[in-house]
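Could you have a look at this structure, given as structure tokens, before my questions?
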Amino acid sequence: MLGLGIIKGLVETGRNFVGSYFKPERLVTIQYPEKHLPPVEAARTIPFLVYDGKDSMKGLRCTACTICETECPPKCIYIVKDTVKKPDYLGKMQNQPKVFDIDISVCMGCGICVEVCPFESIKMDQVFELSGSDRFGAMLLHKAQLVKSNDYFGEICHEQATQINAARADDVRKAEAKAKADADAKAKAAAVAVSNAAAGVAAVAASSMTATPGTTQPDSKPAPKAASTSTPLPAPSKPTVPSATP
Amino acid sequence: MIDSLDQIFVSLKHWLVGLTPEAWQPLVSILVSIVPIMALFGTCFAATTIFERKILGRAQNRLGPNRVRAFGVKTFGLLQPIADGIKMLTKEDIVPFAADKVVHFLAPVVLTTPAWMLFSVIPLGRNMAAIDLDAGILFFFAVGSASELAVFMAGWSSKNKYSLVGSMRAIAQMISYEVPLVLSTIPVLMLAGTLSPSQVVEAQGVGTGFFAHWFVFTPWGLSGFVVFLIAATAESNRSPFDLPEAESEIIAGFLTEYSGFKYALFFLGEYIGLFAVAGMAVTLFLGGWQAPCKALEFIPSYLWFFGKFAVLIVFFIWVRATLPRLRLDQLLALAWRFLVPLALINLVVAALWHFMGSWQFIAAMPVRWGICAMLVVLPFVWFARLLNGGKVAPRKYRYAE
Amino acid sequence: MAERLLLANIVMLNSIAFYILAVITLAGAVAALTLRNLVHCALCVAASFAGIALIYLQLDAEFVGFAQILVYIGAVAILVLFTVLLTRGTEVQAGVAFLSRSWPAGLAVTALVFAAIAAPILLTPELHKLAADSASAPVRKIGEELMGNYVLPLEVIGLLLTSALLGAVVIAMQDKKD
Amino acid sequence: MLPIVKYLWLIPALPLLAAGLAALLKKERRASAATLAIGSMSISFLLALAAFLPTLSHGEHGVFRECFNFTWFEFADNTFQSASTVQLGWVLDPLTAMMLVMVTFVGLLIFIYSVGYMAHDENFTRFFCFLALFAAAMLGIVIANSLLLLFISWELVGLASYLLIGFWYHKPSAAAAAKKAFITTRVGDMGFLLGMLWLYSKTGTLLFYDGGNGCLEQSALIKLVAETTMCGMAISTAISILIFCGAAGKSGQVPLHVWLPDAMEGPTPVSALIHAATMVAAGVFLMARIYPLLSASADPATISTGLKVVAWVGSITAVFAACIAVAQNDIKRILAYSTVSQLGYMMLGLGVGGVAVGMFHLITHAFFKALLFLGSGSVIHGCHEEQDIRKMGGLRILMPITFATYAIGMLALCGFPLLFSGFWSKDEILASAHHWQISQIPFYLGVIGAFLTAFYMTRQMFYVFFGSPTVSPAAVADTKAKHSHNPHSSHSHEPATSIHESPPVMTMPLVILAVFAVLLGLIGTPAWPWFHGYLAGHSPKVDLGKLAEDAGLMLVSAVVVFTAMGLSWLVYSKVTLQKSREVDPLEKAQPFFWRLLANKFYIDELYEVTIIRLNKAFSVLSDWLDRTFWTGVVTMISHLTVGLSWLSRKIDEDLVNGGFDHGCDGLRESSRNLSKAQNGQTQFYFRVLGIAFVALVLALIWRAK
Amino acid sequence: MTPLTHYLIFSALLFCIGFAGAMMRRNAILVLIGIELMLNAANLNFIAFWRYGNTEAISGVMFTIFSIAIAAAEAAVGLALVIAIYRHRRTMQMDKFDTLKG
């Protein structure tokens, strides 16, 4: 009969009304500014740039390859290459961005930049309190505002960060082994000719290899030092292109 | 003592009018009636906005607004209307470029003015109708129908397809539901024998002894009341009949291009219309300001009126919290295939009830009740079945359950 | 003295009200028949109807006034608006004359007609009379008349309205063949 | 008046309503149609019982009789003072009550049976519509207190019979049979109609009983008896003989019996209901109803000519049909001739012994003949529409219930002594015939008929139920099981392969009818003739001595029956065991007589060469007259007319039209000028309106001045 | 205060405005509106005469009530006709509707 369903519905909402005063656990509302919901790993808002180590500018993974700029559907990324290069975690010299801007009022949070980045250098953030009082300027984030440390990434996306770190450590280990093998081969070749000089070079190269994954092994003291010191040094050998991360 | 408490506002008005020079008394008398009504129902409007949101929230296991503070004091959100009001009034008034500016401006005014006028005939207490019109109920429906024009003006002048669709929906809905709305009141007018609201209320006080003689406590009255409530909900464009403003379909219907103060006026007009219809429902079916029995007459009449009024408003809010929106065809089918036939049958039932009132034999009362109740319930069930039609198969869930 | 003053006051207010309403009504009517946008015309005519309803009230004919509002504003005006929308009357065509070709003849005839009505009115001295102080047509009396003397016209009107309703539906219904 | 009398019309009205509703049903609503018909019939049966109960008590004047009459219409005819109205009405007396119970009860059983029998028929709904229509009409006959109402119902019964015989109208034989039945009975009905009109013109009323004014009551009878017509016959006798024509047509008396055997083309329930139990008995009922008229004679001591005619026709029919039945091979045809023969018995009983004797046989016959027909229907149904008894055999094993009930019906029909109802009713007829004053020949004819009846029924039993089936019972049981799984697939034409017992809905009525076929005799034995007392309006006493009085006659009839059955057994028991059953042993012995009998004494052929040929000759004559003589007359008249028209046209065209055309031209010209004012411009009309208004005002002002 | 003449003149003006509109506008809807205005002017006369005459006899009021009802019927049928005509002729111009000319 018409009306019974209506009465059932009224009873349900009536119970909710009364119940919400007596059973606080019924309430689904979070008092937001004071309380937050626990973060969800898959959540994403806007992109940020990841850096390793302490120095945000030196440890920046971005190589200014501009793949993300090309791929970005709303075209909210703006990159200018720097003329100066810097070494990456494998010690190879890479380009670095001079300007890296994202207009987050244009960004739609699709995450395509993250998908296409070959260097794991751009990731999606979980911050959402992004309001600003300036209609135009406040929403245009510059490189300095965009950088966040790999530790932070580990915090918000623990699982993914661990995987990436492991992969990168693996790369380093492989590169080391390769370098060592090369060094051995060279040493053998050089054993006939010059043996003393080669040993010194190999040692330096090895120390620079171990330095990069410093973020994952914060206790490894020589990492920053080695990174900083190894910058001016030329690559000791051709240590294979950093194995393309999936 | 009780009487003077009951008539305190009436005496106050007389005293105030008496203070002025005699030549000005007609004007002053009018003003003294209008100002309190506007103040009172304006406050009601403010209160209803916050309580509606509170109740809606609680009915959906949320908290509702609770954050407005005044000078650092927590008010549990009670000052929300003031904050809203300030926000509304200070917002930019945007008029679309293509809009018909004059009509666009006039629409909220045309909507709100008649809505306020509706209160003038509703008796808020004993001797407390602003004007005791002989044809008050006709006045009520006549003025109430003016809002259709306003809705049309709003929808058409915005030059926006959503607005136009919304206003067309609203007009179709209002015209359709005006028929059962008026038809459902006719039994009351027939049995009360008057078109004056105060006399209708008095007719419901006759013989008040142990049990209230409100019209809602008769078979035809109950049926009429239900039809009236449904039609009133639709007339005031409230959920589940809020198709004209369906946010999820046509943005906000005829309100789409309104902002700021004009939007607030529309908002006000709708709520005032709702109050007026609720007040009319109280007057027609729930005994107006009458107490349910002699023993309770020490409570002043206006308190009775506002008590019933508040119950109805809460009921409207409750319904809004519960029911989902209807489809347009369902809406019109409900009006023409369910409410109108029921209201028409109800006319006959009321006439029967009246004539069976002269029966003298012993079991006359139960027989009268039985026949009338049957004549009300059977068509209800039958039309409900027809309405459901059984065309739609029960929903099957592929994964759930 | 005071009573007479009071009465004079009310009467004066009343008659001022009439002139205001008359001006509004006439303005509405003129606007309705001169504006180019049909929706504006319909809205203006609604205003004019409202003015007439208020004049009825001013003439103490409550019931008729409310009936006028209910029927003309609640129904006829809406009907006109719907018709305007259904016939795409809102599209004001530039360059198409909104007056018929023979409008000067019409104007002349109108003037003649007005003269023919107004002259007898002005020339009949009996019509320069004033109204009684108060009058009322109570609803109950109207109802009794409707059910008594006028019961046959009432029935006929009911039939007329029903057939008009059905006729309107049938006429305006879309042909199935189209 | 008892309320049941006032509402007696409900008994036929309910089936009529059911028929009307069933006619509106769609073809697929089979269950509804059956429910409607059976439900209405059950209610009618209950009402009939309710009507039956009060008739058990006798009124002051002997017989309980109450009637309800009303005026149908009046006409301004001043020839008769009292004849300006036509009245209809219904009557409740023992005759009516007994017939009501019989018709509704047998009808109900047959309706139920039909559900099973017609289960696979496409036009099931239509069938029940017709059945209900028939029941309504039959009940109308029974309750009628007016010869006119009776006649109306009578014709409706004929219509229903026509519809039902031709139910399978796609079979040419069925269509022809229906037509034949309709036309043949019409011949009799002509007499009925004439008799009725004569009666009306003489008495001014057609009501049977009307508080002393009815046509069957004393005052009318005296008037009718007093007048004589040609050959010195009393008018009452002449009228009753005319009405008897109708009865003879309906009841298949010689020479109008020819339609009844052909009517077996209809579905078997129809044969059982209409052509055995009810409709054909309507003739006998009619005779019983007008018995006062029939038996009226100036001198109460003498027997009226009407009764003599009835008795003679009945006795001749009894033997005649029985003879034919001996040589038939179609199971239903045998039963049909048997029916004709038994109807002859009823007429004989009515003629020689009065209402009770004939009606008693009617009632017992209705039950056992309905039983036999339904049994044969069951056999036919079981053998898949096979009706030739020579192709059957051994069914007693395959269809035990049908066999048992059929045997009971057969014994009742044969008049097997003491136990079976047929014995008592037939014996009574024979006894009455024996005591008849006029002649002993009807008695001897009756005895011969009884002998033949027993003979051919035994023959039929042997053919159908004894002997060996063509397949072994085990194999039959096997196919039976298969058959029950798939009832629709077994439309093969090998009768023996899937012969099966009929469903309970068919056998149940058989059992009930069988019970009645046995027990019903007990209400009319000579020792306790309750039935006669009931009809006559007095309570009989049990008197076993009466039994002894008739013992001699009973013995004779018993001997006759046993002899016939024994003879039949001798002839056919051996034959049926042989495989060569195609040639009947009697046919071998007497081929000429056999052929005569098998061809029904060539009655149909006789009609063919006499009446029908005469009819054809008349048609040819009419055709010739039409083509030559009348055509000439018509042609002459038409030429005359053409000449007159030519003259008329000349006058019209030259004289009248000339002036008229001129006038029209003038009118058209002026209209064309005037119509220019109507230019279709609404606003122009407005302007004219305005100017007219101004002119009006000016005129008014000018007049006021 | 206000003499009856004023009402009558007002009503005459209203009537003439309606009449002029009905005569001069090309649009069929406006012609109907003009007719409605004329009807209203007539109604106003009824009420005015009632008010200025014997107010006990309410035939003026009754006539107005019936007149309003008839006007409603007229509007419904008239506008339906307008819609039907528009559907067939695709125009609202009154001077195009001259199929019935003589």
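Order as written gives the chain letters A, B, C, D and E; numbering starts at 1 within each chain.
In this section, contacts are C-beta pairs under 8 Å (C-beta built on N, C-alpha and C of every residue); 3 or more make two chains touch, one makes a residue touch a chain.
As the structure is a computational prediction, the values presented were derived from the model and not from experiment.
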Centre of all protein Cα atoms: which chain's centre is nearest to it?
B
For this structure, which two chains have more C-beta pairs in contact than any other pair?
C-E
Measuring centre to centre, with centres taken as mean CA positions, what chain is farthest from subunit E?
A
Using mean C-alpha positions as chain centres, tell me how far subunit A is from subunit C in Å, no decimals.
77
Distance between the centres, which are taken as Cα means, of subunit D and subunit A, whole angstrom:
105
How many Å are there between the centre of subunit B and the centre of subunit E, using C-alpha atoms for each centre?
35
Measure off the straight-line distance from the CA centroid of subunit A to the CA centroid of subunit B, and report it in whole Å.
60
If you look at subunit C, which of its residues touch at least two other chains?
63, 67, 75, 82, 100, 106, 109-110, 113, 117, 136
Identify all positions of subunit A at which a residue touches two or more other chains, and write them in rising order.
none
All pairs of touching chains?
A-B, B-C, C-D, C-E, D-E
Of all residues in subunit B, which touch subunit C in the complex?
22-23, 25-26, 100, 103, 133-135, 138-139, 141-143, 145-146, 148-149, 152-153, 156, 168, 171, 175, 178, 193-196
The answer for subunit E against subunit C in the complex is residues 1-10, 12-21, 23-27, 29-30, 32-34, 36-37, 40, 43-44, 47-48, 50-52, 55, 58, 61-62, 64-66, 68-77, 79-84, 86-87, 92, 94-95
Note which residues of subunit D are touching subunit C in the complex, please.
681, 683-684, 686-687, 690-691, 693-694, 697-698, 701
Partner subunit E, residues of subunit D touching it in the complex
674-683, 686-687, 690
Residues of subunit C that touch subunit D when the two form their complex:
100, 102, 105-106, 109-110, 112-113, 115-117, 120
